[in-house]
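Next, two complexes with chain A in common: one pairs it with chain B, the other with chain C.
Then we have the complex of A and B:
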């Protein structure tokens, strides 16, 4: 297996406050990774550092390339479409993606639109929070990249749709791509995760394979995650 | 990586719509002014040209400001910053897209001036005859108009690079300051940065004027040197802006 992401000695400070300190992380290709941590732990910041949206000190290599500008071609991130006016229609946003991302698969986008029951004639401002999240997911997964970063992708989406999306996420992920999902709904995403990365105390507190957690501690991912905060499992 | 042409296309689309809206509002206001005149006292000679000239000024400012807003929007939004393209290319495409849309706006203004001056030709020729030396060569007048156009365009470019410089310096500096009294700190920062930028730009202009003086050139050469001076300052600011984008300027988080 080759590595899709390698992070060395990554530190990020903002407003004189250290958010992430001396982080090392390596992710292999073809995995679904849960990025877990409490609010404000630095999960979103870590994703933003990988995309180059935030600027930290250290080395980030994506698909063997350490040039930040080149990462953008390898990473598909769930950005919240802030660059569009609220009166922009969803199909126009899709056209924007089609033009600027050479890896955008229009056919796949149409399939995702059908699957997620998105009305592309609606304007962004008219979408509910959940529906907007669905649009963001469809746009992100329609790109054919090596690394997908889904930052709390299911917030606002009703539980039925959430379960439906989670259960079919493997279908939308290219086999050799890695998908990192940060989420609060640990129990719902746990069954599809190959690995978990837990951000705590400004660093990567734990990085373990899901099977290893079950075998080593005899508990599920959610219980393991919660125990780290309660001090029930000692961190190695 | 995404091609320059495609990024240019997506950036220009919204700006094209914005410029069209400005032109439509401008035309509506000119028409409204003329209709008002018809209803109240009848159209006077020179009024078509006068109304167009008067309303083209606020339209011009609206175009400059709205293109500037579009420029700055790109630097802090993931929608644009995540496009697989280098920061230099992103910055250049952004600026060029606004510039091209501004040129489109200018062409429409020239067309409007041409139409209304044709309607008011008699009035304008008698006005110019009164104001100017009848022996003043037409060639010189055209040179002056072209020179002023070029100077105006250079100033628009400089104003955009300067606004970006102030915005990006403040945005980058914000990352390193404590998260208290943000508004007050930002206000002080804006004042300091604007002061510094104006001082540095004034210094460079002064040096350029000295240069043209040393060349003991005529008016025409001095005018060209001034335009080049403005573009040099804009180019320096643009280079600093790209460095700021590469090293420090972050997007607004999700």
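Then we have the complex of A and C:
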């Protein structure tokens, strides 16, 4: 099994405050990985470091390439479309993606749009929160890459949209690609996770296979995740 | 399908498929849905489905035909064995719990008979 992502001794500071301290992380190809941690633990920061949008100390290798400037080409990240005006139509955004990313697959995008029931003639400003998240997911999964980073794709959206998004992840994730999904609410996605990575105390606090957690401890992913926090409190 | 998050998912997928076979939803010789389709239907990871099917192939419950997919075994004896195994697994749990209540083997059999008699009346 080869590795799609290798992080060595990564440290990131923002305004003299350490967000991530000396972290190491290796992810294999073909996995769905849950990136768990409290709000502000550094999950989004870690994703932005992987794509090269943020710069820290240490090395990050994506698909064997350690040149940060190349990472955006290897990684499909759920951009929140803030760069587009609210009167931009969804199909215009897709056209932009097609121009910018050579790996953007128009056929896949059409399939995803149909499955997620997206009306691409709508303007971004007219989309509900759930619909906007579906658009972001369709754009992200339409790229054919080795590594997908989904930053809290389920926050604040209704359960039907959530189920649709989870199904589209299972359906469209290429077999050899790895997908990292960050969330602070675990139970709904727990059955689809191969592994969990828990960010806590500025570091990778735990990295374990989901079924190994269930087998070793006889508890669910959510209970395990919470136990790490409770354990942390009692040590203080 | 609803999963118990405390139990390994691959194990629950196996039990689900065993159940489908025992109730005749999946008959001997039937072709299973493609791995990704099963994953979508059950809302689980493709790798986890693969692990479950892999174990069932090793157990000779499923037969993998190259390029064609996975099929339920046509070996009736193997299916009978599986049923026996599933029944014993359930009884094991009940037996242990009743033993923990200090029941003797005879008392367990008597209780089970009384239970079935009462249960039969309820169902009528």
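FYI, the second predicted complex is superposed on the first by the 229 of 236 C-alpha atoms of A that agree within 3 Å, B and C clash if a C-alpha of one lies under 4 Å from a C-alpha of the other, contacts with A are read in each partner's own complex, and residues count from 1 in each chain.
Keep this in mind: a contact is a pair of C-beta atoms (placed from the backbone, for glycine too) under 8 Å apart; a residue touches a chain by one contact, two chains touch by 3 or more.
Note that the structure is a prediction, hence the values are computed from the model and not measured.
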item	value
Partner chain in contact with A:228 - chain B first, chain C second, else both or neither	neither
Chain B versus chain C as contact partner of A:83, first or second or both or neither	first
Contacts of A:122 with chain B and chain C, given as first, second, both or neither	neither
Partner chain in contact with A:102 - chain B first, chain C second, else both or neither	first
Which superposed partner A:14 touches (first chain B, second chain C, both, neither)	first
Contacts of A:193 with chain B and chain C, given as first, second, both or neither	second
Of chain C, residues touching chain A in the complex	3-10, 36, 39-40, 43-48
Complex interface listing, chain A residues touching chain C	30-32, 163, 166-167, 170-171, 173, 175, 187, 190-194, 210-211, 214-215, 218-223
For the chain B and chain A complex, residues of the former touching the latter	1-2, 6-7, 9-10, 14, 73-74, 77-87, 174-179, 247-254
Interface residues, chain A side, partner chain B - complex	14-17, 44-45, 48, 51-55, 69-70, 72-73, 77-85, 96, 99-102, 151
